[in-house]
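Shared between the two complexes below is chain A, which has chain B as its partner in the first and chain C in the second.
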Partner chain A sequence: MSARRLGVRIVQVAVPAVLIALWYLATTRWGVSRILLPNPVAVVEALKNVLATGEFLPDLRVTLLELAVAFAISATSGVAIGFLISRSGYRIRVYEPLLAAIYAVPLILFLPLYVLWFGLGPASKIALGATISFFPVVLATIAGFGNVDRVMVTAARAMGASNFQLFRFVLLPAAFPVILAGMRVGFTVALLSIIGSETLASLAGLGHHIVELSENMEMPRMFAYVAFVVAIAAVLNLVVFRLEAWGRRR
Partner chain B sequence: MTERGALRRALSPATLARLGVIAALLVIWEVGARAFGDPLFIAPPSRVLMGLGSVFGTRGVPGALGITLFELVVAFALAVAIGLAVGLVLGLNGFARASFMPMVLLVYGMPQITILPLFVLAFGIGPTTKIVFGVTHGVFPIVLTVVAGVQNIKPILLTSARAMGASFWQQFRHVIFPHMIPSFFTGMRLGMTGVLLGVLLAELYVSTAGIGFFTTQFTQNFDPVRLLGLIGTLAAMAVVLNAVMRGLEAHYARWRD
Partner chain C sequence: MSNEPAIRIRDVSHRFGEEGEARNVRALTGTSLDVARGELLCLIGPSGCGKSTLLNIVGGLLAPSAGSVEVLGRTVAGPRPRDIAFVFQENALFPWNTVRENVDLGMRFQGVARAERAERAQRALVAVGLADFAEHYPAQLSGGMRQRAALARALSLQTGILLMDEPFGALDEQTRMILGEDLSVLLAATKKTIVFVTHSLGEAVFLADRVAVFSARPGTIKQVIAVEEPHPRKPEFVTSAKFTGLRNQLYGLLHDEIRKTMSAESARPATPGALS
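Entry: the complex of A and B
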C-alpha cells in the first residue's frame, strides 16, 4: 500500500517535470516556433517582471471591480427572487423548470447583445457576469427554502412563532448552507464569464490584456499573464470555498 | 396508460402557468420595445421573428450556422470518445486514478478561456480551433462522470463475474458497461453543455470569420433585429441539442428504477 502511494507520488512529480523538460527542449532544441511556445525560462522572467513592476494592477482592479459588482447584483437578486418563488410549492413548480431551462442555454450568447446595449466598457461585463451567476444563486435559494422540513415549520407555527421568527429561526438556518453553496458556484461562474467576456470584447481587464499581448506576439508576457490569472482565480475560489465552510459552521 | 399520464403532466396547471409566464414576458418585451425601445438597440419579438428571413438571407450566415453545427457535432463526438477512453482507464485502474485524477481536477479548475488566443495562434481561425476548444471544455465532465460510474459498481458483482470465469471483455460487456450507462449519459449531457460553451466562445472570439464576424457586424451596424435573430437561432440550436441529451439520459436511466 505504501509502496503504491510512493509510486503515485513519483508519477505526480514526474509527469509535470517531464512536461516542463519537454517544453524546454521543444523551444531550445527542436525549434518549435517561439510564437506558439515561448521558452519557459523567458516566461518565468516575464512573470517576475510583471509582478515586480506591478503593471498588472490597473487591469486587475478593473476585473475585480466588475466581479464585485456583478456578484453583488446576482447574489442579492438571486436570493430575493429565489425566496419569493420558494414561498409556495405551486410557484416553485411554475418557475423552477423555466429557470433551469434558461440556465442550460449557453448564456455567453448574450454578450453581443450586452455589448450593443452597454458598450465595450465594464458595464457589459458586469451585465453578463450578473446574468450568468444569477441562475446558480436563484436555483440554490429555491432548493434551500423549498426543501425545509414541513414538520419543523408546523412545529414552529404551533409554538406560536411569528413570521419573522419563523424566517429567522427555522427557514434561514435550514436554507443557509444550500444558498451558500449556490453563491460559491455563482461566484466561480461570474469570475469565468467576466474573464471570458473581457477576452471576447472589451477595452480593459486581465482577459483583455492577455488578448492584447497575444496579438502583439509578446508570448512570454502572455504566458506570464495566463499563469497570473490562473493563480488569481485559484486564490479567489479558495477564499470563497473557505468562506462557505466558515459560514456553514456558524 | 403512460401516454395519458404524460399528457396530463404536459397539461398540468403548473405547466400551463409556466407557458403563461413565457407569454407574459414576450408581451412585455413586445409592448416595451414598441413603446419605449430605441430601434437601434432593441427590437420587439414579432419583428425579430419576421426578420429571421433577413438573417438567413445575409450572405454567409447560413454557412456560418452550418459550420457551427458541424463543429458542435464533431467536438461532441471527439469529447465523448476521448472522455470515455480516459474515464475507463482512470476508473478501472486504481493506480492511474490515484496518480492522474488530481491533475485532471486541477486542469479542469483552470479558466480555459485565458488560453483561447493560443488556440487561435496554433490552429487558425477556422473550424479546427473551435472544435479543439469545444473538446477541451466538454471532455472533463465526461471523464469525471465515467470515472464515478465505473467506481460505483458494487465490487461483489465484479468479483462474482470473475469467480464464474468471465474474461475481462465479458466483465466489461456484461457488468461494467450496463452499470455505467446512466452516469455515462449524465456525463454526455454535461459534456454537451461544455462543448456548446467552448465552441460558442471560440466562435464569438474570432471576429474575422464565422458567427463572431456576424455578431460583431450586426452590433456595429446597430441592427438588433438580425443580432437577436442570430443569437436566437444559436440558442434554439443549443436548446434542441440539450433536449436530445436530456431525453437520452432519461431513456437510459430507466432500467435502474
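Entry: the complex of A and C
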C-alpha cells in the first residue's frame, strides 16, 4: 500500500473514531441527556444482547424478504421493458424522458396509497420498493441497449450474424455493464425505500422495530438496531458491488 | 478464371430520406462501374460524395434507391457474408473480446467448425503480424494494431471480395504509410478483389490498380485512372516520377470538386429562410 493510500485509510478510520469519542464525552462529561443520546458503551452492551438472543431474526427476515421480492420484480420487469423500449428509436424518444421525469418525483409519496391498496403488511413495502427501484433498472437498460455503437452492429450483420447471435455476442455484452450499474443503484434505493417505509407504516421489519423502540424510549437498544441495520446494509451493498465487478469482468 | 467482373455496378443512385423532407439528400446518382477479379480499386472524392454509400450498397448493407449491383454474377439483396468481408474505419472490433476472440467470432457467425476457426484465426493473425497480441483486448492496442486486427478478422472469413471503408482514416500519416506497404504485400498474395475508400491521394495511388474519382454531391464517378504498377508496391514507388504524376493528376481532378462542395456548403443559409 502506498503512503498516500495509507494516509487515506488512516483518515477514514480516524473520522468515525473521533465522532464516537465526542459522542462518549457528550454523554459522560458534557451532560447531554441519556434519553436523547445514550452512552455508546450502553449501546454496545445492547447490541451484544440483541445479537446473542437472536431477537432480530423475525424482523430481519421480513425486511430481507420484502427486499428480495421487490428487487426481483423491478430487475426482471425493468430489464424486459427497457429492452423492448430500446429496440426502436421512436420508443426511446417517447418513453425515456417520460420514465426519467417520473423517477425525479419523490415516489415515497405513493406509500399512503399503497398502504390503502395492499395493507400495512409486507405487500405495500414490496410494491413501493419495486416501484422505486424499477426506474434506475429500466433507464440503465434503455441506455445500455440503446447506445450500442452502430458500427459494431453493422460489422456483425455484415459477417452474417443471426438475430440471436447479434443479441448474444454484441448487444448483451455491450449493454451488460450499464445494466449492472443500474441494478446496483436499484438495489440500493429498494433497500432505502423499504426500511424507510417500514418506519412510516408497517407491522413488522427492522425499520418498524426501530420506531417501536424509539417510542418506548429504549434508546440504547434503538441505537443498537440502527447500528445493526447500517451493518446489514453495508454488507448487502458490498455483496452487490462485488457481484457487479465480477459481472463486468466477464 | 472467367472474364466476368467480380463486381458489376449499374446505374446506381441513392437518396437518403424522402423527396420533400428536410433531411432528404441525393448521395449518389447514376453510377456504373465494373471491378475485375483480383483488382484493387480505390474510391476517392470530396467528403459527402457518396463513396462510402456506394461501398455499403455493394456490400448489401444498404439497398440502392435505383439501379443494381451484381457480385460474382448474383444481384446483391442484403449482406453476403460468404462472398464479402468489410473493414470499417474504426470501432468495429468488440471491446469485450480479445483479438483472437474477435477474429473467431466472425467465423462463428458463419458456422465454421471450431477446430478450423482456430487454425484460420492463427493464420490470419500471423499474416497481419499480430500473433503475439492475440490475447490482448482492443483497448490495449494502438490504432494501427486495431486496424490490423480488423483486417485479420476480414481475412479469416476467406471471402473473394474485401470492402474497406477508410480503414486507415483515423490513423496518423506514418502508421498509415507502413500499413499501406504491408497491405500491398499481403494483398498481392491473396488475389482478393478489393474496393478501398480513402480520402488520401497518396494512399490511393500507392495501393490501387485503378482509382475512381468521384464528383461532388450528388456523387458519381467522374473519371477512372489506371495506376499500372505491379504489386507488391515498393516504398521507392512513392518517390518515383510516375507516382508524383498520378498524384498530381488526381489532385487536379479532385480540386475542383472539393471547391464545389465547399461553396455549396457556405452558400447554404444556417437556418432555412432566416435570410429572406
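Operating definition for what follows: the second predicted complex is superposed on the first by the 232 of 250 C-alpha atoms of A that agree within 3 Å, B and C clash if a C-alpha of one lies under 4 Å from a C-alpha of the other, contacts with A are read in each partner's own complex, and residues count from 1 in each chain.
Heads up, the rule we're going with is that contacts are C-beta pairs under 8 Å (C-beta built on N, C-alpha and C of every residue); 3 or more make two chains touch, one makes a residue touch a chain.
No experiment lies behind these values; they were computed from the predicted model shown.
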Which of chain B and chain C A:160 touches, first, second, both or neither: second
Which superposed partner A:13 touches (first chain B, second chain C, both, neither): neither
Superposition-derived comparison: chain B or chain C, residues of chain A touched: B
Partner chain in contact with A:170 - chain B first, chain C second, else both or neither: second
Chain B versus chain C as contact partner of A:231, first or second or both or neither: neither
Which of chain B and chain C A:191 touches, first, second, both or neither: first
Which superposed partner A:152 touches (first chain B, second chain C, both, neither): second
Partner chain(s) touched by A:105 [first = chain B, second = chain C, both, neither]: first
Contact residues of chain A, present in both the chain B and the chain C interface: none
Interface residues, chain B side, partner chain A - complex: 12-14, 17-18, 21-22, 41-42, 95, 98-100, 102-103, 109-111, 113-118, 120-122, 193, 196-197, 200-201, 204-205, 215-216, 218-219, 222, 224, 227-228, 231, 234-235, 238-239, 242
Chain A-facing residues of chain C, complex: 59, 61, 79, 81-82, 84-86, 88-92, 94, 96-97, 105-106, 108-110, 153, 157
Chain A residues within the chain C interface of the complex: 149, 151-152, 154-162, 165, 169-170, 173-174
Contact footprint of chain B on chain A as seen in their complex: 4-5, 7-8, 11-12, 15-16, 35-36, 90, 93-95, 97-98, 101, 104-106, 108-113, 115-117, 191-192, 195-196, 199-201, 207, 210-211, 214-215, 222, 225-226, 229-230, 233-234, 237
